[in-house]
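Both of the next two complexes hold subunit A, though its partner changes from subunit B to subunit C.
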Partner chain A sequence: MFWRVVVAEMKKNVRQFFFSRATLVWAFVLPLGNGLYLYFLYFPFVTKSVELEFNASTYTLDLVGFTLIGQLLYSFFVMVMVVGAAFDREREQGTLEALLLSPANRMAILLGGALASAVWYMWMLIGVLFSWIGFFQVNIIINDFLALFTSVALSYLSLVALGMCLEALFIHSRRGVMYGTMLQEPIMFLSGLIFPLQAMPRGLLVFSYLIPLTFGLISVRLTLLGGASMFDVAVPLGILAFMTATLFILAMWLIGYAERQAKVKATLTQF
Partner chain B sequence: MVIQMAPHSLRVLLATAKVNLTMTWRFFSWTGFALRFWIPLMTLGAAWVLYNHVYQGVTSSAFRNAVGASDYLSFITIGNAFYVFVFSAAFVVGRVMFWERAMGTIEATFITPMSRLAHMAGAMAAAAVNSTIDFVAVFLIALLFGFQASSFNTALFFASLLLTAFALFGIGLMTNAITLTFRDRTTTANTLSILFMAFSGIVCPVELMPVWAQAISKALPLTYGIRLMRASLLRPESYNSLYDLVALIMLGIIFVGIGMITLRLIERNMRKKALFSVF
Partner chain C sequence: MTIESFAVEAQQLSRDYVSTKRSHILGRKTTTTIRALDHIDFEIDEGELFGLLGPNGAGKTTTVKILCTLLEPTGGHAFVKGYDVVKDAARVRKIVNMVAGGERMLYYRLTGRENLRYFADLYDVPKKEVSTRVDRLLELVGLIDRADDEVEKYSKGMRQRLQICRGLINDPEVVFLDEPTLGLDVNIAKDIRKFIREKIVEEQGKTVLLTTHYMYEAEEMCARVGFLSKGKLVAVGHIEELKRKMPTGFSMEVLVTRLTDETLEGLRRLKKVKRVLITDYEGEAEGEKIDRLIINVDSDAAAPEVLDYMSTMHCRTISVNIRGPTLEDLFMFFTGEP
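Now for the complex of A and B:
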């Protein structure tokens, strides 16, 4: 029953997103443009490589790869943000009450919505990978495939968990879409997506460390472009695992709280 | 006939602008206001970090040769300030009819005998007023990041502003047709904005981009508008504005022309297929 709800929610969300074939075109073009914007931002300074300091070591990373990895993870993060507004859309369509009156497991609804973003993400991923690798030579250095796989998997899971939390959080608001959109640029700035984290002003670093994307970017960039091993990225991976577990638990509590509040205050579909 | 229609169209333009401005400011939303600034602010912040913390205030010789000056933060401020007009064209003019449909007023709007172009121009006029406020705000914020204007060529400054707004109006008209036809709320506008951001020379001189990117940038009016604006405020060593002015005027005429055609086409299509309020 749980997985049926997950799959049904996934299908629904994917169909709502891909209501038109034109969406596919934009799904290719948007991340490409975004990636190029970040890439060109470096051109007044350098055009080949960027230095990333981590754990007392300095890694010289290919600039295209640096922005490419950033763009790939960021695209997924944006998808998660959009999913975060799923309940807001249900309310707008007038289907939120029907959804919550059904005996469907709430976590399954959240998970289905978050996993739908993974399907959308595949298009982004294909779009970015093909367009970038087609245009530029990305210098990839992988020494530990397990470290790379763990980095990608944990980054992905932590962002899915974050998406579930946002979905449950935005149910309290009628501006879920707006808040989801508003969070994008600040997180883009704070996560170290645009520039190496060692350059971040110290006062802002505390916010950077609260974002799973920050650690995802460090571990994936180092394992894919810098040849880092599991030992080298143990700390960011440990933090990512901790964040994933915490965010899943938080999502469970948040959806329960949202439903209880909605029943007590009868504000579920009030605009 | 055209002379007879002119006062009527002017009334439509003013009325639409008034309605749009009233709606913007009466139902003012801080989140909406902030959203317009996020990308310029983030770009300014990122540029500041790159310039001061990563590369210790040193730009490449290629950049200095291309720009004719070394002040990177002033260079990027001007491009960013112009971005607010792109936002207006894509998100305001580009979604006029989408919102008419969403609010259930599109049929009433199309029943009236008004000029559709005047209606869209009214929306653009209101958006331009709001954008001018944003434009000034971006410059004021940029002062904190170290923006410095070394000159002020009034004629060039206002010419670049008006001509770019005119060309962007054409792009807004085309976007309006796409968003209405594909029932798309934000993707088209987002994509357009980011393409302008990447290829118009907002974050780096066009001359430093790869050849294929330079070819794309040549088709974008903002490329020429930004160059003119930079020339008016930064006084580069060697710059001839004539080419950019002519290119900007030409592109403006082309884009507005195509925009007018698309406006007619979508109206004809919607009347024929009864698609006005069908979702």
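Now for the complex of A and C:
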């Protein structure tokens, strides 16, 4: 029954999101626009590369590729926020009670909602790759495909787990969207989505290393642009895996807690 | 603790709502507690259609939400088919469903069929049965021809009929219908009442708890009712039994103009008059506001005396209707609310 609910939830979310052709265009054009914005942001600087220090080594990465990977994961992060607000939308459209009235496993509902973002993201990814190949000439150096795949997959799963935690919070309170938005800018800034972490004041780095996205970005950038192997990125991948597992466990606890609180405080229908 | 003799049972069920407010953004918090349900007790037998009646804000929806596990009580216990709605919430959710009038509970961007298939998955309806069950339900409510249209293209009545399908998708043993005809036009409401009585209760033998503030609706559908007023259950029983508890056998419904407080007081002092209630009535006669009086009298023989008195007090009588007690009279008798 668990996977049946996951699939049903995914189908419903995708169907609701792609209800019109305009959403297809939006999801395709958005990353292209973001890519152009970032490209011209760095354009005045003469340099064509960026140096990334990691694990006592210095990697020289293509500047455009560096920023585009940041943009790639940022687009997905935005998606996760959108999906994370699913329960809030259910509350507003008056379907949250029908959903929670059913005996369906709550984790399955959360997971289905979060995985639906993968479908949207795949479509966005086509837009991103199109812009990479068609417009920007990115210097890609891949030596270990397994390391690249693991980095992308773990980055994706960590964001899914984060989305599930946010979604669980949205059951409890209509302020969930506000909390989510409050998190968005600090995560963007601290994770090194737009600029290398070594440019960050040392004191703030502590917070950077509390964010899974930071480790996702390091490993994806190094494996896609710097030719790093699995061995080279073993540390960030290990930390990322640990953080992802912790977030999944947190989401499981949060959903039970949030539903109970919503029933005690009668907030299921407030918006 | 489980109680298996009733389909639904509430024992001293209570619910308080606590709200906090600040006078301004930096102001001190003030907390207000509103008692929505105050120690109510009632039972519903297997296969029974029980009506819970009361005006808006009486506590009907709160009762339903507690019974279908969407809200936790702050006191007392409730059981559905012997399962505690708090401790065994997961089991209760498998055997109940709820339809609420005037609320969405459907996905407007999905088609009617997609909505039902989605809920069938959530309730783990056997995969082989899903298509047949969805088609059968859509046929039952007359929506089979529009099954593949998006719900946003449906009329209000069609959406309500689809809601009923959603409420039956898991073949529940107990169905909670919370004001299912709210806001619907007369003919559609009539069809839905007929469907509930004939198909859900008589044919399928399901237990139904119906809440409504339309007295005629409950009178048409239920044999046994409970009256909720300001969170308290003031009377429960078979309608005929409750009628026998009324001390007066007849009610006069009188529409009058030029009614004064003095006339009302005088009416209440008449020997054969047991009770006089004045209710809202929207209308005018020759530019004068019409009032509606419900006068409980010993017998129909009291009518001439009442009308004579009103005439001497210069009231203008528009119409008089003498009848046995209705559910509305019962409600007013037990709750004291017009």
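Here is the rule we use: the second predicted complex is superposed on the first by the 261 of 271 C-alpha atoms of A that agree within 3 Å, B and C clash if a C-alpha of one lies under 4 Å from a C-alpha of the other, contacts with A are read in each partner's own complex, and residues count from 1 in each chain.
By our rule, contacts are C-beta pairs under 8 Å (C-beta built on N, C-alpha and C of every residue); 3 or more make two chains touch, one makes a residue touch a chain.
Everything numeric here is computed off the predicted structure, so don't read it as measured data.
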item: Three-chain arrangement built on subunit A, subunit B and subunit C clash or fit; value: fit
item: Subunit A: partner with more touched residues, subunit B or subunit C; value: B
item: First (subunit B), second (subunit C), both or neither touched by A:238; value: neither
item: First, second, both or neither for A:94, with subunit B first and subunit C second; value: second
item: Touched partner set for A:256, first subunit B, second subunit C, both or neither; value: neither
item: Touched partner set for A:178, first subunit B, second subunit C, both or neither; value: first
item: Partner chain in contact with A:30 - subunit B first, subunit C second, else both or neither; value: first
item: First (subunit B), second (subunit C), both or neither touched by A:103; value: second
item: Shortest CA-CA distance between subunit B and subunit C [superposed frame, angstrom]; value: 7
item: Subunit A residues contacted in one complex by subunit B, in the other by subunit C; value: 19
item: List of subunit B residues in touch with subunit A within their complex; value: 31-32, 34-35, 38-39, 41-43, 45-47, 49-51, 53-55, 58-60, 63, 72, 75, 182-184, 187-188, 190-191, 194-195, 197-199, 203-205, 208-210, 212-213
item: List of subunit A residues in touch with subunit B within their complex; value: 19-20, 22-23, 26, 29-30, 33-34, 36-37, 40-47, 50, 135, 175, 178-179, 181-182, 184-186, 188-189, 194-196, 199-201
item: Subunit A partner contacts - residues on subunit C that touch it in the complex; value: 17-18, 68-72, 90, 93-94, 96-98, 100, 103-110, 114, 117-119, 121-124, 166, 170
item: Subunit C contact footprint on subunit A (complex, rising order); value: 1, 4-5, 7-8, 11-12, 15-16, 19, 93-95, 97-104, 260, 263-266, 268
